[in-house]
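Residue numbering begins at 1 within each chain, and the chains themselves are lettered A, B and C in the order written.
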Amino acid sequence: MRALQRAVGVPRIGWLFVAPNLLILGLFTFLPIVIDFAYAFTGGAELYPGRRPWVGGENFATLFDCGNYLDPSTCRKDLFWRSIFNTGKFALVQVGLMVLFSLISALVLNRRMAGRGFFRGVFFYPVLLSPVVVALVWKWVLQREGVLNALLASAGASPVGWLTDAGWAFFWVVFVSIWAHMGFYTLILLAGLQAIPRDLYEAAEMDSASPWRRFSRITLPLLMPNLIVVLVLGLIRAVQVFDEVFVLTGGGPGSATMFIVQFIYQTGFAESIRLYGLAAAASLVLALTLLVLTLVQLRLTRRSLDNRAVSRDA
Amino acid sequence: MASTAPGGLRWLVARRGVARADWTDWLSWGYLLLGVLLMFGPVVWLVLSSFKTPAALSEFPPRLLPYGQKSVAVTGHADPLPVYRVKLPDGSVRELAELHRVGIQSTLVDPVAPEREYKVNIRDREPVRELAFAVGNYTEIFGKFSFGTYLWNSVFITVVATLITLLFNAMAAFALSKYRFKGRDAVFLLIISTLMIPPTIILVPNFLVVSELGLLNSLWGVIWPAVATPTGVFLLRQYMLTIPDELIDAARMDNASEWRIFWRIILPLAAPALAVLAIFSVMWRWNDFLWPLIVLSRSEKFTLQLALNAFQGELTTQWHYLLAMTVITLLPVTLVFAFLQRHITAGIASAGIK
Amino acid sequence: MQRFARRLAVVIALSTLAAATVVGAGEIRVQCYSDGNECEVTQDLAKKFEAQNSDVKVTIDKVPYKAVLEQLPVQLAAGEGPDIARVTDLGGLSKYYLDITPYIKDPKYWEANFGKTLPWMRPSPSDKGIYGMMTQLTVTGPYVNKTLFEQANVPLPGPKATWDEWAEATRKVAKATQVPFAIAFDRSGHRFAGPAISMGAKFFDAKGELVVDDGYKAMAKKFYEWNKDGTTPKEVWGGTGGSTYRDAFEEFANARVVMYLSGSWQIKRMDTQIGKKFDWIAVPNPCGPAACTGIPGGAAFVALKRTKNPKDVGRFLDFLASEPVYTEYMARTENIPAHEGVAKKGVDYKISPASRAALSTFVAEVPKLSPVAYQIQGYRLNRAIFNPTAARLGQAIAGEISLDDALKRIAADAEEQVKAAK
């Protein structure tokens, strides 16, 4: 070790420490992405890129072959576009609602009361469950002969096809996704709330500031970095939603709850004739979108952090 | 201390405890209770349902508690006969045991006086239920499916992957927080950028890579690709940034090697963050589903999640076994949660602050 | 640092060792999925084989059907997988099969007894190789809840009744007995093909290419209307996405539908799960203007090219194909034999009277199968039209796209997949 240290110099030892991680990432993340390009520009149904015929940008052309980009039914790959619109809708709605409820939950959990630790645990519990379990738990409840319909029946209403009606299926997909992940974000916001110094609130009280003022002038700005983290992480995850939705609705009814990752999975795996090229092309489109999203968010984070520094000094 | 501001939005602001309970407290309690119901309710329902027989499961509306049909031994018959509540033609209602059913006619006898047979339309009878826990759902699983093997595979993957994850991520976090080398920020960004890559995108190429490395159908094929978690690096780095540099400088002046510094100083100091990562890693690896599904195709290598998913997608959906398996699969995580809940929530909170 | 590097090297070495699974000479792996109890029976028979051939070890891997559909093809493409597998996509995987003609005792015996089904596994029509053994012959056909007919006092339609007549009768029964639905199909293009052919679908045009013709469209329209007017439960075809397989067994078993189009492989399951709850019977395939047909099919044990023990693979398959073993296999799994010799002699099924009656109904369907049915079943790329049928008709039934759009897209999807697979 010492000899190595002397040879490389202490600062560059850092490379050695980070090497194992980079090796794994390189082998199992970056290399596959490169191979993905190989798939995206070739056609046929063979697995080995070497055996696939070169088709250039044909896969991308197929994906983007649309009469009217706003109407999926005019597109050659209508399912691709439907899944994109569904994903966009889902990301906005789910993240918006989840951040809202996480905030409310964090505010409630921040109060001094008995059993606070227990309640925190309660909200966090679903985060620990696997997507398959989450989906099965809710599938069991939402089935035509499930307990939800039973409660409705006992109240005199008629049973509803919760998962077989397009509108309801989408609602439940959003609901279950929030249910399964909210706890994690609640805790992040809770940590942020607890980091806000008490004396700020006491000072505000002495100035007879109204509760709303206290919230909007103290809580919200100081919590902003955490809120942005929650928003960024939430959005990134929402765009990649797959596991629990796939088990819960399989993308149905029709393709009402089909999201982009399921489209990729289906094109590349689930069909008997696998169109790896098309799946890879769609993957790259998705990766690009996520990259843009993240860069935009990083911009916002930096700006908000600067703001926080400013408000602190003030 | 008691605010003179209108009750309104006081609860939005973190306050010291108020002596008297006002409506905002009730609102909060209500919200929390609703939370408990929503978060725990479905799981509790799942557990209760897992103790029901297939017949009870297909009943609608479902009963809360597991009920099975009562059966009674009748002299002259080897097996116990199912009991029904029957409306007889003369208007009386009696509990009788069914001998057999043909078409729409059921033949029943009085268990006490089995000589007399009653023939009744199946519409006029309904099953008599009693509380019965179909423990068989659980015990039969162990017999039907190599449960022990699946359990071992899940445990092996989880434990080994977590240990390696802790080591590799801590090393990387150490490098990224305590060293200044050219390209350090680029490396960090590179690692974080992999967060944006949904595993499905690289599924097929990854399969190719793993296959070429000869790791298919091996538990290691599931472990190795999973250990370089960017979230772990992020978490640990955040924490390590708060470790004062003076400690490291002092150790260097004492002529300690870099590895020693890492192993003897940094790791112990980063213990809380390591604990959080360990818990996360255990959770992630235990719940891993899509990737093991691709890598492991020999049934003796299946993890619990694979086995669970396999049976949910089977041609024959047997909910009673499925439910029991689901409960068993979520049991370890639930136990970990119950015992370590404080650490988990505190850990995330502290990591979040920094 | 050196210590660490050394440790890393050891770990990598160990892991590669752990990964290398050495398949010894005389060892074969069989990947098997069960419709009912096929894999258990196969395991018993494998033990008998091992007793007679002490130098061979046979391991049966029980996997769910999903794994065979989704994982096996990827494994085989990467050069991995078992030595023998029980598969249903006979044509789609044919490029991975091993010709066992040099490894079996008497190829003529195989030709004589399995001649009709051997072509299904051949990569091209001119090929004459022997690639596997059908573990059953299945036929699609409807099951009916006779108890409901009795309760409603409606007579069962006769053997030559058309789909429309059956629809009318079952609707009457459903109304009288307050059962929500009349007819249900499994969500599968394979199931749909039978009625489609009966309505006149030919599936292939003059050039031998897949085509969505008027007969197909007629059946699609009929099925679509049934879903719309409540004859058929929407959630089976419309409730899930993509080309995911979903059967309507639960609906039938819970007496929520009067008539259920599935196939002969469900008999054991009907016996086990429904038993005596109500009288379930199989009925002959309803007629259309062109035929009264179902689709033949079945799963086969296929030999795979990648095996390192082709001799033992041949021996094991020879064993399974021998008359006494095959007869036992059929009797215990309650399947229709694909082995002509066994079929002629008849199998002594030790099963309930209901199962026996259903089985004989299905067996009687075999001679009535239309040649188009054999043609589409034997076509290597039949999934190219079966999968989109389920996906697109499902979308139409869910109300997402119009029926016309669905039909157009089925044709487009099929064309795209065939092109890619050529």
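Operating definition for what follows: contacts are C-beta pairs under 8 Å (C-beta built on N, C-alpha and C of every residue); 3 or more make two chains touch, one makes a residue touch a chain.
Since this is a predicted model, take the numbers as computed values, not measurements.
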Innermost chain, taking as reference the mean of every protein Cα atom displayed: B
Pair of chains ranked first by number of touching C-beta pairs: A-B
Rounded Å distance, chain B centre to chain C centre (Cα mean): 34
Chain centre separation (chain A, chain C; CA means) in Å: 38
Whole-Å gap between the CA centroids of chain A and chain B: 19
Chain B: positions in contact with at least two other chains: 58, 204, 208, 213, 224, 257-259
Chain A residues counted as touching two or more neighbouring chains: 1, 5, 16, 20, 47-48, 269
Where chain C touches two or more other chains at once, by residue number: 1, 3, 74, 78
In the complex with chain B, residue positions of chain A that touch it: 1-2, 5, 10-18, 20-22, 24-25, 27-29, 31-36, 38-39, 47-48, 104-105, 107-113, 117, 119-133, 136-138, 140-141, 145-147, 149-150, 153-154, 179, 183-184, 187-188, 190-196, 198, 201, 205, 208, 210-212, 214-215, 218-219, 226, 229, 236, 239-240, 242-243, 247, 261, 264-265, 268-269, 276, 279-280, 283-284, 286-287, 290-291, 293-294
Residues of chain B touching chain A in the complex: 3, 5, 8-17, 25, 28-29, 31-32, 35-36, 38-40, 42-43, 45-46, 49, 58-62, 167-169, 171-172, 174-176, 178-181, 184, 187, 190-191, 193-198, 200-206, 208-210, 213, 224-225, 227-228, 233, 252, 257-260, 262, 283, 286-287, 289-290, 305, 308-309, 312, 319, 322-323, 326, 329-330, 333-334, 336-337, 341-342, 344-345, 348-353
Chain C contact footprint on chain A (complex, rising order): 1, 4-5, 16, 20, 43-48, 73, 76, 78, 144, 161, 163-164, 166, 249-258, 262, 266, 269-275
Contact set on chain B toward chain C in their complex: 54, 58, 100-104, 123, 204, 207-208, 211, 213-221, 224, 257-259, 293-294, 297-300, 310-311, 313-317
For the chain C and chain B complex, residues of the former touching the latter: 1, 3-4, 15-16, 18-21, 29, 31, 35, 61-67, 71-72, 74-75, 78-81, 146-147, 150-151, 245, 247, 249-250, 253-254, 269, 273, 276, 279
